[in-house]
């Protein structure tokens, strides 16, 4: 486990906590998107490029878009 | 307030238990771990000869474990059918 | 939702996005990628189009049935390729043991059924993702 | 202390679990679910990792290079797609619930339902 | 050719049927209905053929893609598997027969084709879970089954049903996330995903990583218990099963909950060595939870006014019986548990279907309003009564047999306390089932009901279920002699407990 792994993991944990604490769903989704991209980076660091590409496209792309769409049709604040 | 405290206590207890577990897990990144057994070696050594592709992960998802992928396509199809059924009703 | 700059840029970007998605699908067996990632990239190019030009577009009303047929056909093609293994005398989803030619590793058309399966996955995933998005985002739950 | 990696993956898993259980907002629950599942996937990738290993793309037949274990990657590809399907279906349901109740909060929905009865 | 490839084809057939239905879209209702009935029927026939093959040639396996186990996915059928397969395919077919006649009046016509497709996908995934011998493959099918089941609950767009469905989906995703973590742990310490290979490497792994193995076992059991609604993790079940359309309730209560028990059976009896589990507090906690589930489920069922909610709470109690049978770890109790999976599937689907018919024709969901309906609608009320008597455990009904074996198992394991549990819970069952039966036939109705014609398909399916209850109550030696050798083998392998 190298320093970059540690930093990325730390960022992931911070993102996850922020999602848990914030009242604003929109910012939660944006942070979740950052979380997914960081996850993709981490997987790239762990030598799994296939998973990284898929996570970047599906986790950071489609899931975020779906969440945005759902929030735009419901309410923004918790 | 009571509930939050209870949740935090539960999570911390689970977390402490997990710390114990994690301490004895196979070391991270060690090439002698149980997972790096003959199965992964077989995949890495024989994929080119047996399936004719270079990306071993692609060979696993579409050939060695192709049935999982069929299940996965079914998951997508189910999600769509369920979503449309719910939204159109 | 009808910003002219967004529309022009989108129109310029979509072909490249789709090309990239196709690349990921077709070279998925020799480099990182594969049907899921490629299909999603293609879908996201179409989602971009939807976002830039609005969802009430008449063309998208039509695409519902097309997406439905592509989805089912993607899954049916996957099963069909699997059944071809049985018909050729091997087990379900067999590749080399059913006698499919493997080709030279590294080429686009290598790996027997793997390319076909990847393409069918890609088609299926692309159509599914676009349908999921348009349905979650659509303002009125009507149409068909 | 190399296993700190696993420990941190578990921390993310528990955070997702906590978000899912403690928040009444359904969309928040769904985000928590995604965080939890990706923590599981992170754990799986970490299992398959080998120090200084390279990506499992075999271009030549020499066994001099160490590769990471390809099997967890293949499993996770499946898992990611499963999790996005569940997310999409759940969001569709939530949107419909909002049309009926005007809220996506489980507690409020329960209260409204008990008032109706 | 069919014989060799029967196992993958059995799983594929319902899935392909669903793909075809979705391909044609929501306008072709008749086509969808016919395709669904034909696929479910043929699936049932193929499952019967598998049962025959297993009894003739013993356990057999299939390697998908031609890759032998540690590399590829393996399907496996032994006697218990075949018995569970018959359970799932037959009940699913009968419920579908019922649904094909009753659905058009019950749910929105726009979604009927999708309902059939989801139903078939659910059937395929159930068969896949039972047949698969690969842990990750089981996980994939588990996810398919939970999405399809949640969709079947919410399909009508009814707001109560949708709320229940969201809760169900979230709980079951929580469960499957935990299960996946457990699978990852097992993979981590053994290096395999195939059940047999995990089993043979587990004792070595336990020597090296005892805590990890324990954590894995705990995660798997908790995850499965959430999905199988073991007390106290059952909170999602009554809402979901009570609010769903009739045929969905029948299949969810009858089959979907059971399939997770099938996974638990595989886990506890095939993967983890029996002496290993016997050394853990797992057995005691399973028994305690099962007992509490039986009592709490029954008591809550007594308090319900809504008939479907009552049946749903009764499912919580009945799941307790099956867990009791698994937790006793004795041969007879195990036979009782497996039999109860089948008997409860038949009884509960019959109860839900007949209750659904009564609700449909009387327009009332309250238990009190069902009085006197036996005179206007004899067949549904008779079916309900047969199911109720079988639930209570009257001899000559099939429910008696499984309780009998559970009781014998309790004796065999020297746990006489659980005999008392069985007796008291039967009394509790009688307490909430029998008044409905008596009121249904002998009391004067509170609401005036016009007599309507019950569709033929619905009648046929109810008659089949009634016949099955009597048949397996009177000729119980047929299923017992089919599954007993395998169970004896399981216990013999580990030298008994």
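A, B, C, D and E label the chains in the order they appear, each numbered from 1.
We adopt the following convention: a residue touches a chain if its C-beta (ideal position, glycine included) is under 8 Å from a C-beta of that chain, and two chains touch if they have at least 3 such contacts.
No experiment lies behind these values; they were computed from the predicted model shown.
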(message) I need the common contact partners of chain B and chain D, sorted by label.
(response) A, C, E
(request) With one step meaning two chains touch, work out the least steps from chain D to chain E. (result) 1
(message) As a test of understanding: of all chains, whose mean C-alpha position lies farthest from that of chain D?
(response) E
(request) Could you pull out the chain whose C-alpha mean position is farthest off from that of chain A? (result) E
(message) Can you work out the whole-Å distance between the CA centroids of chain A and chain E?
(response) 37
(request) List the centre-to-centre spacing of chain A and chain D in whole Å, with centres computed as mean CA coordinates. (result) 10
(message) Between chain C and chain D, what distance separates the C-alpha centroids? Give it in angstrom.
(response) 23
(request) Could you tell me the distance, in whole angstrom, between the mean C-alpha positions of chain A and chain B? (result) 18
(message) For chain E, give me the residues that contact two or more of the other chains.
(response) 8, 15, 19, 22, 26, 64-65, 110, 136, 140, 143, 147, 150-151, 154, 157, 162, 187-188
(message) Multi-chain contacts only, two chains or more: what residues does chain D have there?
(response) 2, 4-5, 11, 17-18, 21-22, 30, 46-49, 53, 55-57, 59, 67, 71-73, 75, 77-78, 80-82, 85-86, 88-89, 91-96
(message) Touching at least two other chains at once: which residues of chain B meet that condition?
(response) 18, 25, 28-29, 33, 35-36, 39, 43, 48, 54-55, 57-58, 61, 63, 65-72, 74-79, 82-84, 86-88
(message) Once the touch criterion is applied, which pairs of chains come out as touching?
(response) A-B, A-C, A-D, B-C, B-D, B-E, C-D, C-E, D-E
(message) Could you list, by residue number, the parts of chain E that touch chain C in their complex?
(response) 1, 5, 8-9, 12, 15-16, 19-20, 22-23, 25-26, 62-66, 110
(request) Over in the complex, which chain B residues touch chain C? Could you list them? (result) 48, 50-55, 57-59, 61-63, 66-67, 69-70, 73-74, 76-77, 79-80, 83-84, 87-88
(message) If we count contacts the way the header does, which residues on chain B are in touch with chain A in the complex?
(response) 28-29, 55, 57-58
(message) For a test of understanding, state which residues of chain D touch chain B in their complex under the given definition.
(response) 2-7, 10-11, 14, 17-18, 21-22, 46-51, 53, 56-59, 61, 63, 66-67, 69-75, 77-78, 81-82, 85-86, 88-89, 92-93, 95-96
(message) Help me check something: in the complex, which residues belonging to chain C touch chain D?
(response) 30-32, 34, 36, 106, 125, 132, 135-136, 141
